[in-house]
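Can you keep this structure in mind? I'll have questions shortly.
In order of appearance the chains are A, B, C and D, and numbering begins at 1 in each one.
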Amino acid sequence: MTVATPPHAPATDVAKSSGTRLVDRVFRMRELAILAVFLVMIVVTQLGNSQFLTEQGIKDLLLNATILVLVATGQSLVVITRNVDLSVGSTLGISAFAAGTHLHGGGDPVVAVALAVLLGIGCGLLNGLLVSLGQVPALVVTLGTLYIIRGIDSIWVGSRQITAADLPDSFVDFGSHGLWAVPWLALIALAVLVATAYYLKHFGSGRELYALGSHPEAARLAGIPVRRRVLFAYTVCGALAGLAGALYLARFGNVDSGTGTGYELTVVSAVVVGGVVFTGGSGSVHGAALGALLLTSINSVLPALGVSSVWVLAINGILLLLAIAVDRVVALRVASALKKRNARHA
Amino acid sequence: ATACGGTTKEDVKNDGAGPAASAGKADPGAALKKGLTVGFLPKQVNNPYFTTADKGGEKALAELGSAYKEVGPSSATDTSGQVSYVNTLTQQQVDAIAVSAQDPGALCTALKQAMGNGIKVVTYDSDTTPQCRNAFVSQASAEDLGRTEVQLLAQQIGYRGEIAVLSAAQTATNQNTWIGYMKEELKDPKYKDVKLVKIAYGNDDAQQSFQQTQGLLQEYPDLKGIISPTTVGIKAAAQYLSGSKYKGKVKLTGLGTPNDMRKYVKNGTVDAFELWDPAKLGDLAARTAVALSSGQITGKEGESFQAGGTTYSIGKDGVISLGKPTVFDAENIDRFNF
Amino acid sequence: MTHPSDPGPTPVLALRDVAKSFGAVRALRSVSLELYAGEVHALAGENGAGKSTLIKTLAGVHRPDAGQVLLDGRPVVFHGPGDARDAGIAVIYQEPTLFPDLSIAENIFMGRQPRRTLGRIDHRATRDATAALMDRLGVELDPDRPARGLSIADQQIVEIAKALSFDARVLIMDEPTAALTGSEVARLFGVVRTLREQGAAVLFISHRLEEIFEICGRVTTLRDGAWIATEPVDGMTEDDLVRRMVGRDLDELYPKQAVTPGDVALSVRRLTREGVFTDVSFEVRRGEIVGLAGLVGAGRTEVARAVFGVDRWDAGEVVVDGRSLTRGAPSTAMAAGLALVPEDRRAQGLVMDMSIERNIGLTGLRTSVRAGLVDRGAERSRSLDWAVRLQVKYARIADAVSTLSGGNQQKVVLAKWLATGPKVLIVDEPTRGIDVGTKAEVHRLLSELAADGVAVLMISSDLPEILGMADRVLVMHEGRLTAEIPRTEATEETVMAAATGRAAA
Amino acid sequence: MPDSLSRAIRWDTVVGALLIVLLLLSFSFVDGFGNALNLSFLLGNTLPIALIALPMTLLVVSGEIDLSVASTAGLSGAVMGKLWNEGMTIETIIPVCLLLGVVCGLVNGLLVTRLGLPSLAVTIGTLAAYRGIAQIVLGSDAVTDFPSPYLDFAAGRVGDSFLPQAFLPFLVLLAIAVVVLHATPFGRSLFAIGASEEAARFAGVRVKRAKLWLFVTTGFMASLTGVFWALHYASARYDNATGLELSVVAAVLLGGIDFDGGKGTLGGAVAGVFLLGALQNVMSLLNVSAQSQIVVTGVLLVVSVLGPRVARQIAVARAGRRAVTSAQTS
């Protein structure tokens, strides 16, 4: 800062206009990079296979992304607070089965979904309580609950499974129908996403999530109820994993004790690709959602281009590396732009 | 040996092929022993298919007056887990092990150690290399399965059009054998208008199988039929088809369980598919194990024994075949519950 | 005891017989303090005397083990910093506590953003209020800029802005000026005076005694966690205050001995780092202490970092003792005999979670080895030796440095580098946050080192320190060396003229 | 008093004690646990995790993580099978595979240190990439016919004792790792890097170089594990060792290694590995179902982090109370 500012020269006008634009551009840029990668990928695929973007094709793309988008949205909330929830796959599995058993017993679909969400909230609360009250590393605790919830799920479910035949037709149809090419499930995910993004940007408690992820000690000193916020983030994450479980049931019509196994790595990948930083405090849910869309689309694009499934895994991994490398380059650009701005002039 | 004195493949092609027949001779007249313990080790516990199979084994053992136990890993790709369960069963001195091998080679050392400790080893559903077990109870001859699936689909599409296969993992031994026989069958001139365009791998994962099906349909818009010789694959493909515009237009067949597929048969997504009765498979595995332990058979080609009223004979490499698979369609599906 | 200048009947905020211990360390023992509306009250004491602990007790960070906190004469219990804030107490902590990922505006208003309907944040109002605060402090910081990458001084400014934004009844400042230069301090004091006139109570901590005399009405002294005295500043001398703090008389503060400089030990030639500093050339000789002055942000730290190799330089050359250094390699710089005491002790100087012993040992990993393995005995005796020589106040050498008071942490950083026996020592703000007694000690040490033939480059924002210690003063302005002033000609005026760019180089 | 107390509640000591208690109980009460065959099974099946846990501990202490280890192991197994099918000698194949592991580690290391990417993200990427390459290399083959001297070494025991032959080399590697981490300047600097990278850099530690070395070593050990795995189970497939990374991470966490970096001991990590291995073995012998075993593992992990925390809080509270009373009496 400079010492000699003329007393009545509000330099703030200049700062505001250019500054706002810069910061906004900066944050949008990272997401734009992912969006660009995504669009290029889609266009290339469409050029290679004209069947790709038919009504059915678009519907498939959206449906594929839906569940991951939901879980990734919840996960980003937790990651923004400098924590992580590895148990989402297990939560998804157990809530999907709970919803399934309810429907199998002739229950109401709305109650079934509510049941799944409630169970998810329960798992989220468990994680949140352990992490925030116990003040122990989230990675270990949620790796533990990953095992615990999965184990309980397996003991409860045993070798039973819920198949499409056990479910009301309306529920299964709901999983694949929609408004023209936009499935109902995708609309639900979109609504959740928009609501979460709005909350994070425009509500005090949303901003506090960023604050406490950015510097936990400072957050405590600023009087932010750290534990309550962390608990909240985990609860939302669990609830969304539960909701995703119910939607999984609608979409795949099939759940057993293994449902959602290994999902945590996919979710974490989506969040990371979406530019949510693991050390907390930065990133956005729409970034994470874009990351999820990108990741699931790769799995549709490659078969549509006729790439042998042997190659899919390797290409997936390399694209993931590319995505984070691109993100990093963008971030570095941003940093140097900030530095230049920082060069003040008397 | 090679010039550099190293160990190469040629040096070690020594182990005789063929099942690890027990030293003694078979005594077809020997009485079936009672009070034996047979340990079932499926690829994965909690897997409905294996649970049905193992329940069949449990029932048979109860009839024969022997004890049943089941152990196994909770993941179908946890090979080292399966190995340590072989070790555990060896440790617990069971009389026989019935195992569905995740990997044809990986269990060998452990199974040989078990046989070294006097334990009889029967593989079922999925085999190991022949010298690592006494006998293999095959669900149906691989040839039968491969050929009938092509026949089923060809009928449904009127012997004309492009077809694809949706398999499980690329490494799944049984899948690959079946696919081999499918290709054989397709060489028959009556299939001259049927073209197998692609083999996709869904890794026995619902979501991946889903997306692979989507990809097949996008890549080959004129696709007429899909064969999925895996219960997970066919289920995922059926669910995708039933919720898409391809429902009823693209035919689907393969291996599935009646409970999984009932809905899709009823709503017209699937006309017919096939499977053996897993409970019978478990039943036969149990009876084979007891027969081996009682000395009625040793696992050599040509031996035969009675099991549940039927006489089974041991084929090449110690393979015992369950029989022909059942075809399920709208007519008969409600008569089955597994 | 009487309060001759009692400004009002009930104190706004008070401590009565408060005690606080950390394990075996008794940080506060039965301390009482009364803060009245409209007064600026100083808190003085050596490093580790318990000042920060006292403040944290007032702020609700620590719960006292015994005694009471009184608000408007009534006992209160603060369950957390939020309670204290709601009671109208604003605190600037000794170490900046910003959220690096959030904008300056959000940092200032976190938790108290102006709201619109439905509890939504009014982003525009937040930004405008921030800009107004920056105006009031006379600084030009973009409210939308993230806090990451701000210099310590700028961080301190944001902290001050944050505290001011509360319009609090009580403002508590723990060494707010430690990172600031004269002109910013003057601005801050202007604001503090206004607040005082408006009836706020201010508690102020500084190790720069002249600041206490400039702005404060009363001063409370602590020593070893115990209350010593509370008295009006008027009529006191600096020596009186120092005696209260230290319990004895003090040696001369700047005991620079005259030495005849020897050979050139450090030679920096046309060093340039794109966009940060340009064409910097200077030499430091054995036995010489060279001061590097300049306004905050002039690029002094950046030069030091580049010379030591933490940052790369784009052009130029650094020669230590005749050996040209590779750029961007601190290990070769160390091998050549260079040492850097960095400005940010918490992030750069120390591994906070590691013990005192290990921290001091860290620079000696390469030297205290036997047969390729760490020689633990040698490491311990080396660490103990230096901890004692610098009079670090600690309970156990194996305690984590994070448990030390700020000044004692600084001493550990010094110990860590002096233990390497450097030929050239660069110290960046070596006495920031260090109490007068220790400051004298550090100064004595630096001149001893110089007398022993070490070349010392001293960066400091404390101009009297530079003037008192340096044989020669280099001045930087906006990334360039603008002046080189010999000791005899160095005065506040000449240095400031060069630092603000008013004098041609 | 607080000193000895805080030392006593160090988690790695607790894990070590738990392991010993478990072993004693199992020897006395669990049928079939104590015989040589079972112990050799136990050690043999735990070895792959233990082998990777060694470099992983160093990596985690320095604040990084490598999730691609299992894929690296799978890739070197796959390449081993492929080359063997091509007729190469096993004496050439093994060094080639180890070299491949070094390359895998180097790629991880360069991405992390040169591009400054977070290791968690990078190695999730290479986790998929390496496994994918393994799939491309070996496809659906399963190679089993490796030369028997090698198979026997990997699966065999020392004489009639319970020690697998491969355990002896592991002990040597363990000793090396312990010395490197706890007694060399390099190891010391890892703790500093993990706790505060910037402060370490300012103290002249070559942070990037150290990390690069660690990633390379981890890659090397992972491929060594892959080779061992293929020989031990006499089966080289592209999906060998799938999911092993989670077991390694769980064991290392259980051993009290802090994933924020800067804390932990190798003793704790190895105790964690064998505690998990022994527990699973015992539970199987006791006919505890696989599902319940998962729950037990999870509970153990949660307790492993909650336990020391609770103990410490109790200790601190007690010390505080004592200080107050002494302050009042003085």
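Just so we're on the same page, a contact is a pair of C-beta atoms (placed from the backbone, for glycine too) under 8 Å apart; a residue touches a chain by one contact, two chains touch by 3 or more.
All figures in this text were calculated on a predicted structure; none of them were measured in a lab.
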Using the contact definition stated above, find the chains touching both chain A and chain C.
D
Most remote chain, CA-based centroid, reference being chain D:
C
Counting only Cα atoms for the centres, state how far chain C is from chain D in Å.
43
Please work out the Cα centroid separation of chain A and chain B, and write it as a whole number of Å.
38
What whole-Å value do you get for the distance between chain B and chain C if each is reduced to the mean of its CA atoms?
73
Here the gap between chain A and chain D, centre to centre from mean Cα coordinates and rounded to Å, is 30
On chain A, where are the residues touching two or more other chains?
154, 257, 310
In chain C, what residues contact two or more other chains?
none
Contacts with 2+ other chains: residues of chain D
135, 139, 243, 289-291, 294
Set of all touching chain pairs, with the criterion as stated earlier
A-B, A-C, A-D, B-D, C-D
Contacts from chain D onto chain B in the complex sit at residues 31-32, 35, 37-38, 41, 45, 48, 84-85, 87-92, 135, 139-151, 155, 229, 232-235, 237-243, 280-281, 284-285, 287, 289-291, 294
In the complex, chain A residues that touch chain B:
49, 51-52, 55-57, 60, 64, 154, 157-161, 163-165, 172-173, 175-177, 252-254, 256-259, 261, 296, 299-300, 302-306, 309-310
Which residues of chain C touch chain A in their complex?
59, 61, 80-86, 91, 93, 97-103, 106, 110-111, 113, 115, 119-121, 123, 127-128, 131-132, 134-135, 138-146, 149, 153-154, 157, 181, 183-184, 275, 295-297, 478, 500-501
The chain D residues in contact with chain C across the complex are 2-3, 179, 183-185, 188-189, 191-192, 195-196, 198-206, 262-263, 316, 319-320, 323-324, 327-328
Counting only contacts in the complex, chain C reaches chain D at residues 19, 21, 23-24, 26, 29, 65-66, 308, 310, 329-331, 333-334, 340, 342, 347-354, 358, 361-363, 365-366, 369, 372-374, 396, 416
